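To start, I am sharing the structure in question, which I have written as structure tokens.
Letters are used for the chains, namely A, B, C and D, taken in the order the chains are written, and counting of residues starts over at 1 for each.
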Amino acid sequence: MQVQLYQFNLASIGTPPQAWIVRWLWLIPAVPMVAAGIIALLKQAQKRLSSALAISSLSFSLLLSLIAFIHTLSERKLFLYFGLDPMVHNTVNFAWFHFGATRVDLGWVLDPLAAIMLVMVSFVGLLIFIYSVGYMAHDENFTRFFCFLSLFAGAMLGVVISNSLLLLFMCWEIVGLTSYLLIGFWYQKPSAAAAAKKAFITTRVGDIFFFLGIVWLFSSSGTLLFYNRGFGSIEPLSLAILSTQHAGLGLSAAGAIALLIFAGAAGKSGQLPLHVWLPDAMEGPTPVSALIHAATMVAAGVYLVARVYPLMSAGAPPGGTTVALTVVTWVGAATAVFAALIAVAQNDIKRILAYSTVSQLGYMMAGLGMGGVAVGMFHLITHAFFKALLFLGAGSVIHGCHEEQDIRRMGGLKVDMPLTFITYTIGMLALCGFPIFFSGFWSKDGILEAAQHSAAIKGPFYLLVFGALLTAFYMTRQVCYVFLGYWRGRETAHESPKIMTTPLAILAFFAMALGLIGTPAWPWFHAILEGRAATFSWHGFAEPGLGMLMLTSSLVVFLGLGLGWRLYGNKSPKPEEPDALEKSVPWLWGPLRDRLYVDEFYDVTVIAFYRWWARVADWLDRRVWGGIVALVAWIFALWAQLNRLLDVNWVDGGFDKTCEEISEGGGLLASIESGRVQNYLRILAVAVVALVVILFWSSRP
Amino acid sequence: MTTPLAGYLLVAALLFAIGLGGALVRRNAILVLIGIELMLNAANLNLIAFWRYGPHPEALTGLMFGIFSIAIAAAEAAVGLGLVIAIYRHTNTAELDKIDRMKG
Amino acid sequence: MVATLGSANSFFVNPLFSNFDQIFVLLRDWLVGFLPAGLQPAAGVLLGVIAIVCVFPGLFALTTVFERKGLGRIQNRLGPNRVGPYGLFQPIADGIKSLTKEDIVPLSANAVVHFLAPLALVVTVFMGFAVLPMGRNMVLVDMDSGLLFFFAMGAATELSVFMAGWSSRNKYSLLGAMRAVAQMISYEVVLLLSSVSVVMITGSLSLPKIVAAQNTYSGILPHWYIFTPWGLAGFLMYAIAATAETNRSPFDLPEGESELVAGYHTEYSGFKFALFFLGEYLAMFSISGLGTTLFLGGWSAPLSFLQFIPSWFWFFGKVMMSIFVFIWMRGTLPRLRQDQLMNFAWKFVLPYTLLNLLVTALWRFMGEGWQRWVVCTIILAAAYIFMGRLGMRGEHFGRRSYRYAE
Amino acid sequence: MTPIFYLLAAVTLAGGLAAVLLKHLVHSALAVTVAFAGLALLFLQLDAQFAGFAQILVYIGAVAILIVFAILLTRGSDLPKDGVFSKTWFLGLLIAAAVFAVLGWAVLASVSAIPQQNTLPSVTVHDIGNALVGRYVLPLEILALLLTAATIGAVIVAMHEKVRSR
């Protein structure tokens, strides 16, 4: 069987024999998806079974992901040992369908990028699954929730391992669908339903551009596979062609396609013009916010950009950059500051985190734009851990405060919820980029360093530094409101159950420890993604300007923390009281609180246009088309009346007569049906004898 | 009887006739089923005899038919006897000439 | 069907070991050598049959003492200790007693069927031994489809049990027979399916080939199937089914004394009863022999340096070990209820065996390497835990309550 | 045409005849078992080892037991009052005889025309297994489906109907 499979592959695709794990990689997304299917068939009451199914399926995926990761590492070690290029893309491709001479291929890929993402998604996902068991314990739609979560995890893992832009797009859309379903999970709440719709439609805007990009890529390169032994669409052969075609506006075809794909990524990752859905998405259950809208799905956009990075950077002069990357950089940097500004003036605990997520995604995009795959991906991974931690911490706080989400009605929780407080603080310090001990510092530092080295323009660098200041400030504000001071809510808070705090602790550990694999002294993570050997040396710190930069960013963080402490520290203002910042700079507060009027802007432009267009369409429908339809209906009614007259008078009489005859004949035949089995058997046997006799008689010469 | 094949075929024919006779003359539904099983077995014997003495024994056709029909007979017996039991529950008898509710 | 007139193969360099290992085969060949060549195969088979017919009833006699003494030990009493040294001649006394007892046939019993039932049982059980390899080259007939033959013979015993129960015209007998048949059918499915996984790996239904496939060593450790995840699971299922198939405790409901007097052989006495008794023990031997062959490496030695000990010693040693476990279980476990028995068979053992089949296929499919160990073990263990929990759902044993007669 | 064949044929036919003629249903069932066993031995005589053992396993191990169970469940072991043969038994006998006459005539008339080979076909279980999952895999799957459906169907048909009080 094994041999046959291999031969089949060889004959149809030309893939060489692959390791066991590569051939079975598809199981990683398939198992949670199958689990989702099974859970969908379970009754709502079977809570334990459904959660056990979901968790065990994702554990299985995690196990396979770890095997895949180890496989990648060992392969890399082997290749490095023999002095070969360690950037191996293990692919398994197969033809989905043919039309004419064209063939659409699908496939999956195992390379360092995918392997790291696999481990991250399945690990964080698993922790959040476990957390959800506690968080959703009393929800009556528990089973449905786990069905969606499993489906999401499967689709997200599918995005990660796709080797075809088309397969990626399919999984991408399933991810979008589950996001919609989960945001609107409490669809009885009008706000949740509206938020779900908003998320779906807004990301759809980006996806249309994405799809255009896919079509363009297919028409000009003839394949949608990323890697196909030198013939994939983002391998040098195809890139050389793409980067020489001109698409107008000074762009090459590669650049234009990259920008279109980036539009899709921007929609998913909440980049600047399309970021509006992400804060609203916090209407969903908190584990969803943590899983989808902080750790994994929104990172899918970043992952997509990292995946098609060769396309983005195609045709760049040595040491220079391309139009596409510049756009990515500026959009990212602008988003980072823009969202951080808004986050300063929000009062909903999850909304602050949502804007913070948008801002951090901007960082990742900027990092990708300026520093390459490794820089952006490192921040993605560290962010996934500490942001999931923050969201789960927020969920724990909300759970403990009896579904209260307004930070002005909390306070003093460090006494009531010590575990949550400690882990949340770790997450907050990691997010702020507190020096040395927290992973956020190293990943953010990498981005800043890349921005500083980016020769052409310094704008993004200053924006990002300002963003870092704001990040430290608003996080301090939030922590002060929630955990310090005294309790301002109604009922007293309580600590969450073990099943919720355990994932928090694990995530907190990683939020601190993950920084170790990406320090300048031992850039192991970057080495893996860029195919270099990882060496440990303290000289990594001795790069020119690095020390200065680290000092600057540390100072900025301390400045932010200090500012926050000065304005909010231990003060516990009353809920009605105006915010400290509002008191000092009221002219700035208003616009920030109202999210810089982006929603309103969309309301009066895009949505107003659609309203007007809907009214026009409605009028057309009622007056013009409706009239025509009514006319046609009237004509047919007339015709039907005529037919009825014919039927009653002519046809019915003849039919009745026929029926009588048939029923009489039937009665005659029915007398054979004695109802006794042996009678039938007897007739059958006689008939057989007769037939055989006839047969032999007729065949005689 | 010149050939062994004819011998087997005649035995099968006789067994078939015995089975048919049983199915026709007995009143109990279970015995009718037994008769039918005998007929089926007679057919099996034919299949295997043809396989053994036929022109292409290496093609396994007759043997496979035989094996498949043995397996199908198991299904047939299960369903048939299940039906007999169900009928017995409804009519409180397994005598076939008392069961004629399907009379047309 | 060709008898293997085994020539002593030169597996061992030392002729002494080899001769000792093949002693029975050589003996047979020597005896047969006196006859004309045309009669030799038939005579060889006949000798084998005579050997089996003599050896196993002898073993049966030994086992009865062994069992009674063992049970006595477990129950803190002495057991038979009057006839001969340590009561070792007890079976002889029992045999004489049962031969000389009056043969009672109930008046309303169906005399012919009543007479045929024990015969049919013993004969079909004996047939099963024909395909068991009891040592290197020591198999009566090496059939291509030996395993199938074994199960076909096993299936035929059910009918004789029914014959015994029905012909006695006694409601206890009939109930016992129906219970026995239902139980044997239920567990026969499991027995077959758990053996199928071995067939899947070996690729043969021939029992000597199955043993040969296990008779290799890595280092000093043997490649018995029980040392694989699927083999262990299959063996456990096989052992459960075998216990039920032979009506042994804790599955001995068909002869539950407290409910059914003695089950289907209530109305038997004297030598016919002894035949039933014999049949039951022979069934135990044969099913243990098959389990040994399928999972425990048959006649192969447990460690490679122990190969100098003759192969038949290992076979009979393993069979006697299984018999010991049977006795041990009888002395230890309480009897199940009928519904528990059926539920256990159809809701746990059968699904798990089916899963084991899948796992076996996976094992075969994944090829060499450590991954298949991990994956198969995880699947089987997870399924065991999961199904165990599912099975225990709703089984909340309340506090035991007593109702006394007033 | 060996004596063994005649013996086996006689046993088989006697078993079948006894099954049809015996008054007592359980006796019939036991007699039909004898016929099945005889057939299995005939299969062995035809060098179809696998089919022979399958015959024993399925017919004696399962079908015979099923029949016996059905007999006991329908109280078939009590003798009926008004005879075991139906009123039209003579007609049935006539038809059966006619069928046999036609079949026998057909066999005798045509068997000499068929080329016959007497060499022993060497078919191992291995070959049968390969054929089952090779050329005959589709019938095998369909058969598996049929068996599943038949099992479920038989259980549902024979199950006690629950009283629908609600």
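Convention: a contact is a pair of C-beta atoms (placed from the backbone, for glycine too) under 8 Å apart; a residue touches a chain by one contact, two chains touch by 3 or more.
What you see is a predicted model, and the numbers here were worked out from it, not measured in a lab.
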| item | value |
| --- | --- |
| Which of A-B and A-D has more C-beta contact pairs | A-B |
| Distance from chain D to chain A - Cα centre to Cα centre, in angstrom | 62 |
| Distance between the centres, which are taken as Cα means, of chain B and chain A, whole angstrom | 62 |
| Distance between the centres, which are taken as Cα means, of chain D and chain B, whole angstrom | 5 |
| Between chain C and chain D, centroid-to-centroid distance (C-alpha), Å | 29 |
| Residues within chain D bordering two or more other chains | 50, 54, 62, 69, 86, 88, 91-92, 95-96, 99, 103 |
| In chain B, residues with contacts to at least two other chains | 20, 24, 29, 96-97 |
| Per-residue multi-chain contacts in chain A, two or more chains | 678, 682, 685 |
| All chain pairs that touch each other | A-B, A-C, A-D, B-D, C-D |
| Interface residues, chain B side, partner chain A - complex | 20, 23-24, 29, 32, 96-97, 99-104 |
| Chain B partner contacts - residues on chain D that touch it in the complex | 1, 5, 9, 12-13, 16-17, 19-20, 25, 28-29, 32, 35-36, 39, 42-43, 46-48, 50-51, 54-55, 58-59, 62-63, 66-67, 69-71, 73-74, 76, 80, 83-89, 91-93, 95-97, 99-100, 103-104, 107-108, 111-112, 114-118, 121, 123, 127-128, 131-132, 136, 139, 143, 146-147, 150-151, 153-155, 157-158, 160 |
| Chain C residues within the chain A interface of the complex | 364-367, 369, 371, 378, 382, 386 |
| Of all residues in chain A, those that touch chain C in their complex | 1-2, 20-21, 52, 56, 63, 67 |
| Chain A residues touching chain B - in the complex, by the definition given at the top | 669-678, 681-682, 685 |
